[in-house]
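First the structure, which I've put down as structure tokens, then a few questions once you've had a look.
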């Protein structure tokens, strides 16, 4: 089988580097082009990147010459993956899509656009079907698919099976987010070491919206967003990788915690059923120990999330979820989204 | 005026050391005896302690000889302050009280005893009045006063004025607690550095009970506990000092956030009105910056707590509170409790 | 080929857990027994251990019943590996050896015994030859082999090739050691977070002695220790894993840094030449970047050490070395030592 | 007495903020003007600064309007203090001095200029006497005085009394430097947390030169630099404040460690003898505990340095020094330098 040729935008950033590593050993996706800021165009990848991933730069990428972000540099690939910073993404990605290129992107612009699917594969791969309407409605020659904010992608993992098995009134989420969520240089050591910052710009507003879009249904070719009432408080903690959410769900009626555990333990979706390469065996790992999940112990499986401390008190369901904000939250779902699109014939 | 003579149990621990420092410059309390584990009895304080407070051991304490915890060693003091570990406190403190000694203690045993006041001075100094019934009901010759768990003491500070000005259905608290709350050696670096542990033994059960006792009313000589519905999830974060609470209050009816801010800004109580030495000028400091309070910046005033991020959304009141778990949470309120008892003639 | 059957003492500690993981996938060593403190005897391994290694406990070990440390429990294995705490090791290991058992141990007792080889495989595998004299001299039925202190094992890696290619007057070492070197619970978070402790009990004395023993020559059946003059200052830094050494060597005469780099880059020893399973491809990785090696980036290869910042100024050779104190410093060399003994017919 | 009027360049940075705090309560220095980057000119200080010092911005400075760095904005002050970044300092300071203004600066340009005194008050206040030649030699209308690099200022404190009491062949220094030495945003959390970086650009070259200039003698109106042979390796450790140096001095002949301790304990200089406000009672605090000094415990006295672990082995004198890189290393010595200049009539 011919490999799918992809180029990568924002390839030198923290998320871009993770994608480079994931793709370096991928069975049917081949990274053929890497791109970054104009100043780096023409340079070798190894000269353009401050490599921070464990191990060395994959050989096949080391010597690649950086290309620009403009369409002509990406005509001969099947898909463009984007790990661009949010402020640059809008123009660049729009240009590419208008020129007929398929873009799968991690960046925030267009995430809430009703004609653009916001995909966390296990949660809402079905939403890809609106792509057939995207072209005419948008008048784009190409196709645009988005991945959610890192926190939203991790929180939706348990919310999907739980909201399918219980009826909730509203949900309170307090997040404890890792520093890498702000980017490699996002927070100075002096600002966050031995400290907690109980605020992250934009997050508290973005997360409920993205969750409700991902949990929405398709009705006559449109995504009808869910209307779960969700209140989020975001905090930044001095941890390198791993976003945690402490979640309290107000239920319509009391539930048996065991049935909730079962719905989580048994949760599988298309990526598991089709055995896609980047899909984790278990999308959600249920931890029974009273003090788990913990970032220092439960992130080895980058693509699976961990849930623990499940408890029902009165009509309140409480649990804690943890996920790798760089893999499940970004680089990994972009690659898995591409695998699903391939599997379903969108590519 | 004659100074109040006090002896200190658990004087070599982290909280004990803080009390030693606070008392070393106190206008009318004199630390005359220090006690610790049997092995240390007879030794000098400076030989018995691994001093971790900034600066050196106060001169007047350095040379003191450690005494035992048994009553005969504390007959000639006015009050015994206790910073004993919870597991040792029950027997020791009971013996002292039965022998006619007045004990003010940080340790957990008896905190929920209806005949023992659980005092966070600004919040419920009035509860001291049940002491006049304590003797006969308990048959004790002495008097016992307790201080709350460090988290409960910090959380009640804003809940007191807020619950007085709004009517709430229920309250969700997620805590981000500092490592010092587990004691100096409570957590190995290997366990908590670059990590979050979403569980603290006993806390989630203890906190709502203690809060409701402190917020209770006195009815015919008894404390009638409040019945606020409070759900707590406790997490441990890699921060040395400073317990934070992210609090969501479900309201009976929508309120104006400005009125909540006012009730917090204007909150004063007996310790402020009488200008007691250890009382902070403002029990609660209101922070208007969007990213405060923070442990690294807002703990300089050990006895005052900080509140920020106040927001009303639908019928939900959300805010963040932070306090020094060693001062407002322990050493400081014990001393302030003594000052209030003196002021009101209980001593 | 029959697998070598080994039992593991101290199997629930941090180093013990690493050995369990390394052995779980070993081509010709089979872990058949696990031992720990008396209280755990009879329990399953998974019930006895607080597992901290990434991933889960290897299946073949999970269910094993813990045995005691006494000889009768280890009669039917080929080798006993010991990750015992130093204070327990002497008696236990001596009993085993006297009973005819072969013990390879990480613990400090006997390390400086002239009749006991102190093995860091790439550095001094030849020292195993004194084993043929050990029995008669000691009157032991079994055999005892020791592995060095974690810091000494990492420091000797570059010192071996360097001292073979230059003649030195004396050597100054300042170590920056990770917290795991003190054991999982060795240092409280409160003691070392945001701090440096410029002292580690015993280290400064031990390190030069162990280095000189490992760099010694065999003369008529005895190890003749080297007599390099080495001054060590040990500091503890808030890092989880990775011991670093800043080394200044006073040379007899100026050398060309390139020749030093070559001697390091080309350093290989028996474990590499025989392709032993646990041997790293390169015992020493030479880093040319000006700011490497770093614990956060250069430990992925647990068994290889990294050297950087090589510089010659006047008659001073300066470089920085880094190694994984749990793998190259402990668990890994014990396994590699066993592989070498097998390869050379000592087992 | 009229207060000395000073203006402060770089007043919003980390060092600038420390100076603001130190000056806010100074007996005879009055901060009358604050300056920062052009974009902030005209704004209030409180609007221009991201205040990170404990406590609030001093009232007298809060409302001050930021001025530019150009001479006309500083004509009516007695002295300009500079906490400018190194890259901006040269032009700005030169302009001011040429216009007849007295500048005391922390920035690196001109530090090694033979006609510019590099002052660490206790160490070399005598060097101020070359100022009388500075004007004619430089043709400046004003006067320029420099303060040393933060590491050099801390290291010279013990080296001054030690080099006066022993004769040394050469000196090896390994530094463990705090993150604040790189500025508030100098290092991302992701780069240094749980890590050590064994390199700091420029330091290893700068430190010996500055030390030798400070330890130099005045000969016919010129500073004759000392020629101590000093080798420095600089490392960055995950600590917020406090630079540590591990120092090995090769002696001409063995010394008694007690005599070294005495020379350190008894070290006093003009700032102590004249009781200048910012002078610490003891410039060097001698720690006898085997595990001190430590950043977490020994920085309370910002202007004094701490020395511990003094040991003589053969002809090697070894000790560890620690100092506050923001106070003794920067803000504090600038103010103390001004106090000395006032005391000696240079102002």
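Couple of notes before you dig in:
Per-chain residue numbering starts at 1, and chain names A, B, C and D are given in the order in which the chains are listed.
Basically, a residue touches a chain if its C-beta (ideal position, glycine included) is under 8 Å from a C-beta of that chain, and two chains touch if they have at least 3 such contacts.
Here's who's who by UniProt: A, B, C, D = malonyl CoA reductase (malonate semialdehyde-forming).
Because the structure is a prediction, the values reported are computed rather than measured.
By number of C-beta pairs in contact, A-D leads over the other of B-D and A-D. Taking the CA centroid of subunit C as reference, the farthest chain centroid is that of B. Remark: subunit C and subunit D have CA centroids separated by 43 Å (rounded to whole angstrom). Centre-to-centre separation between subunit B and subunit D, using Cα means, comes to 41 Å. Spacing of subunit A relative to subunit D, judged by their CA centroids, is 48 angstrom. Within subunit A, contacts with two or more other chains are made by residues 52, 193-194, 238, 240, 297.
Considering their complex, residues 172, 174, 176, 194-199, 229, 231, 233, 235, 237-240, 242, 244, 246, 248, 290-297, 308-309, 313-314, 316, 318, 320 of subunit B touch subunit A. Residues 14, 52, 179-180, 184-194, 238, 240 of subunit C are the ones touching subunit B in the complex. Interface residues of subunit A, counted against subunit C in their complex, comprise 52, 54-55, 193-194, 297, 300.
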